[in-house]
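Dropping a structure here in structure tokens format, bear with me for questions.
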Amino acid sequence: MKKDFNAKEFAINNIVPIIFIVLCIVCLPIAGYSGQYLLSQIITRIMRNSFLVLSLLIPIMAGMGLNFGMTLGAMAGQIGIIFITAWNVVGIPGLLLAAIIATPIAVLLGWFCGKMLNMAKGREMITSYMISFFMNGVYQLVVLYGMGPVIPIHSDQVILPRGYGVRNTIDLINVRQSVDTFWQIQIFGVNIPVLTIILIALLCIVIVWFRRTKLGQDMRAVGQDMEVAREAGIKVERTRILAIVISTVFAAYGMLLYLSNMGTLNTYNSHSQIGMFSIAALLVGGASVSKASIKNVFLGIVLFHLMFILTPQAGKNLMGQAQIGEYFRVFVSYGVITLALVLYEIRTRREKAESAKTLANLQKEGAKA
Amino acid sequence: MMEKVKELLRSFGLPRLIIAGFLLLLFIIAPFVGIRVGASVSDTLARFGMNSIMVLAMVPMIHSGCGLNFGLPLGIISGLLGATLSIETGVTGPLSFFLAILYSTPFAIILGWGYGKLLNRVKGSEMMIATYVGFSSVAFMSIMWLILPYKSPTMVWGYSGSGLRTTISTDGFYSHVLKDFLQINIGTLSISLGEILFFAIFAFIIWAFLHTKTGTAMTAVGSNPVFARASGINVDKQRTLSVIMSTWLGALGILCYQQGYGFIQLYQGPMYMAMPAVSAILIGGASVNKASIANVIIGTILYQGIVTMTPSVMNNLIHTDMSEVLRIIVSNGMILYALTRKSGASR
Amino acid sequence: MQNVSKEYNGNPVLKDVNFTLKQGEVLGLVGENGAGKSTLMNILFGMDVIHQTGGYGGKVLIDGKEVKFASPLDALKAGIGMVHQEFSLLPGFTAAENILLNREPENKSVLSLVFGSRANTLDRKELQKKAIEAITKLGVSLDPDMLVSEMPVGHKQFTEISREISKSSIRLLVLDEPTAVLSEKEAEMLLKAIKNLSAQGISVIFITHRLQEILDVCDKVIVMRDGRIITELDAEKTSIPEMARLMVGREVNAGHAQTKSEERPLSENIVLSIKNLWVDMPGETVKNVNLDVHQGEFLGIGGLAGQGKIGIPNGIMGLYPAGGHVMLNGSEIALNNPRACLDASLAFVSEDRRGVGLLLDESLEWNIAFPAMQIQNKFLKQYLGGLIKWRDQAAIKDITDKYINQLQIKCTSSKQRAKELSGGNQQKICLAKAFALQPKLLFVSEPTRGIDIGAKALVLKALREYNRQNGVTIVMISSELEELRQCCDRIAIVTDGAISGILPASTPSEDFGILMVGKTHKEAE
């Protein structure tokens, strides 16, 4: 009896991952991909995305919800990549230079975002979401009009033929897979990029370490109750800004890894897409607005991208149209965020209603006695 | 008197002043760079006619305290369903417009009801969830447009015979039914009274509604939900009603837009349509929990004025069209401003 | 020698307060709500409220040296710790983490040279050790690894106190009603802990309404009333009735209260009958209230803050989850349904004027007319056979102007926004709103809270007249006993979520005082 109850509870609390597992199991035979293909795809995707998704963890810890403003970091990363492509710096040094360029931009953007979020306490998510939209406009202004005349970039590879503005897509031949192929081994015919794994592992360690630092503890405190933290002498606003800055900088580095793996930059789309997909992946992994772990990140990436790979093919085999699968995965990405947000709200509310029950029970017991 | 002026200025707000000033500047520059003002004004008014009802769709939800209706795409989807069904029947001319409204109504009511129920369960974070409800529903309908058994040859892909096209022309159906109705031409200035009248009717209905007992209750719910509850108002019911109204107005709004634009945009088309409407009403002086018909009118004129004027002026001035980027910055900046303002902090 | 002594002089709310406290002494501080206890403690603690309202007069001396705390942090440094009535704990942290919040022991690391000291990792072992140290010092059993969210309320209280005493410099601990939320057993443990602390040389100021506890642990007692220290007693020589009498007794004001001769006969008819009511109102929990209200009477409900008196009307009117039975004129009223109560001609003036009572952003007209419009279809013009119910602006203006005159509401016009009025005038708007409903029974909760003396008198007069002239039954909830004694026929006292007794208003204050501190008759005897 007791065990039954727990199973139900478990299902309710993990409804999102469960839906995804079922979805993937259903699509798997329909799509008809080989195991090896899927495995190598999944590994590629983990390498590509995990750094980005990991960058979301710290703001959640600080109680600021899902950082839709991570797109800002992605923008910073892209600006770095644009520069090194224009300057023709190749390989890992190129990426390092891009990181050096991206860091101050990411810090600045993160600081701006954090400031804004401090002005909109209690609705951080919608605000960070609008910030990403707003900064997208500014980014376009800089990249589409500023680069060339104002910011001196004169590479035919990067700049549009009209003389200013960056091309829609840039071929990142200079840094393509430079991290992945730096040290690669093969296991069962699947390429394993060791350096990338080391980098990701390093970030995981950093996050684990960060949780144990004084700052990490302060963030957890601020995340639970800003007032109590303030009374204890913790600088609440500063801590919150720091959380966003760190997240933005990590997102910028994550974007560099992502782009180097992809090998092409979609100048005007990559960052907004990456924001949505990273958040959806994290939620698929069973994270909520207030709680997320490294485990959620990896489970989420595996499940989300498995779905991503499977659905177009499944749609094609089932309906004869790959397009349906395409739309389906867009729907699932948005749907999963909606579902996770709604469930979170409802759960919080249910917890609040508990105390009335206790009183009613007290009264019943009193009546019996 | 001075006090009053100052008070008015303060309530008008700095960003609004800047935007109004900017628009004024554009109109002053326009003749010097060879743009006919008459044509620009007509353009602005035409866009006003097309977009104003979608902006009006913000009002009921703001009044009931549900915040900015980022879930407008849901209303738009009802409108799209109505539009495609109307064309499917094969009826042409103005009657098809009427049919489209008629068909979209039950969808708007059902979707709005469900959407309202959902928002009642997530009080406090309506806006975030509304945004994603809008996105998910657009994505869901993208699948539906592909597999729903539409037959009308004007709408389905010619080569495969199934699935709707991305854009469908309303030519021969209700293209320009309102725009060409009672059009006045004075020199270069042409005003479509039909569209304005159509907007006026619905603006009046909303205005009148807000003066009835139910409308009063709705406003009170938005102003102070606890007060409303203590006064015996069913807060959830009022909120649901407001969401249904907003959704229906959204459906109407997109139909109005289509008749002026001449095309129906399906699939990802409605995805970001909420942002311009949200931003327009905020530019008009509304906040996250207060809005009036005047905000709708002023906001739509200012917003559409900027959208029409900047490209032409910019193009002629510096031979660069950065209007789209400016539009993104202005409209999202406006929303951001409203969200971070202390006075609007109750939600 | 560590003589801690403090003096205050000439503060409007506090008049010439002088007392001294020796090391390791336990001082009991008692007094009614508003007697000045919290203000006194706020001064001692250097709270912002004090600085924002113009500081204070007089001196605070520690070890014979004058100190002026600019902020609570300064007070902490000087060794003063305070445990507030509301818990200030993080639910997701363990007891140990909470105890050492923002004072966590750290491991120095190389990284901190780059990133600053906040990059130091926490020394969990040391943290655990220090927390256990503090808990042992307090002498209670508390698991340092337990999450606060999973703790019973008593353990939360212990965590709070442990946090204060874990501060190395701690010498004086202020406990503001620490036992109010505790069960009897937990309270006993806490009292023991207080004795422990005092034995270790930490002085304690203990604020409580449970007088028995004062007798149990304190060395001396200070009774405060109206911003003065009435007397300082030796805890060993005083008694509960003596303290209760000193707490509430008001020589000056006593004349205003109802005398025996003014008493009206109580009607036989019971209008409202409350049975086994519970209300889940945070901070004002009602556990089990049984109460009968008679036709046409003016019933007062009094009691100390947090005992649940405010929860009663809020629960009946459906603003907080409630259970039990409420009968109006013999027919049951549905709970958790504000509409049903209003339909049954009950009305409620909330204690939370700004939160519940008013539409701050709307006009006075809206505020006054709204409930009557919605509930009773007043002030509406009906068209198309009632299909369209249009707001009747003229009628709304008439009724608003009528009440503005009648209650002497100071405003520029009936169109003024409610938030622009002063507290007293806002309260009158709330009354007008309730009067416009023409209720059979009116609940008024804390009608004079936060308004000036002039407005107070007017509000009370209006209520009294409304009761006497219109024959409307009124139930008034107030923290101020004297106010109740002026207006009411009978006064019920609420303690610990239940009615501890009902007495005629002409009963001497001391008797109410004894009821308030939770001594039912059998215990007092």
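Labels A, B and C are assigned to the chains in the order they are written; within every chain, residues are numbered from 1.
Heads up, the rule we're going with is that a contact is a pair of C-beta atoms (placed from the backbone, for glycine too) under 8 Å apart; a residue touches a chain by one contact, two chains touch by 3 or more.
Owing to the predicted nature of the structure, the values given are computational and were not obtained by experimental measurement.
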item	value
Which of A-B and B-C has more C-beta contact pairs	A-B
Most distant chain from chain B by Cα centroid	C
Interchain centroid distance [CA atoms averaged], chain B/chain C, Å	48
Length of the line joining the C-alpha centres of chain A and chain B, rounded to whole Å	31
Residues of chain B touching at least two other chains	none
Interfacial residue positions of chain A with respect to chain B in the complex	116, 119-120, 122-123, 125-127, 129-131, 133-134, 136-138, 140-141, 144-145, 319, 321, 323-324, 327-328, 330-331, 333-335, 337-338, 341-342, 345-346, 349
Of chain B, residues touching chain A in the complex	70, 118, 121-122, 124-125, 127-129, 131-133, 135-136, 139-140, 142-143, 146-147, 163, 267, 275, 320, 322, 325-329, 332-333, 335-336, 339-340, 342, 345, 347
Interface residues, chain C side, partner chain A - complex	72-73, 88-93, 97, 101-102, 104, 106, 117-122, 124, 276, 278-280, 282, 285, 287-288, 321, 323-324
List of chain B residues in touch with chain C within their complex	211-214, 216-217, 219-220, 223-224, 226-227, 229-234, 290
Chain A residues within the chain C interface of the complex	209, 212-215, 217-218, 220-221, 224-225, 227-229, 231-234, 353, 355-356, 359-360, 362-363, 366-367
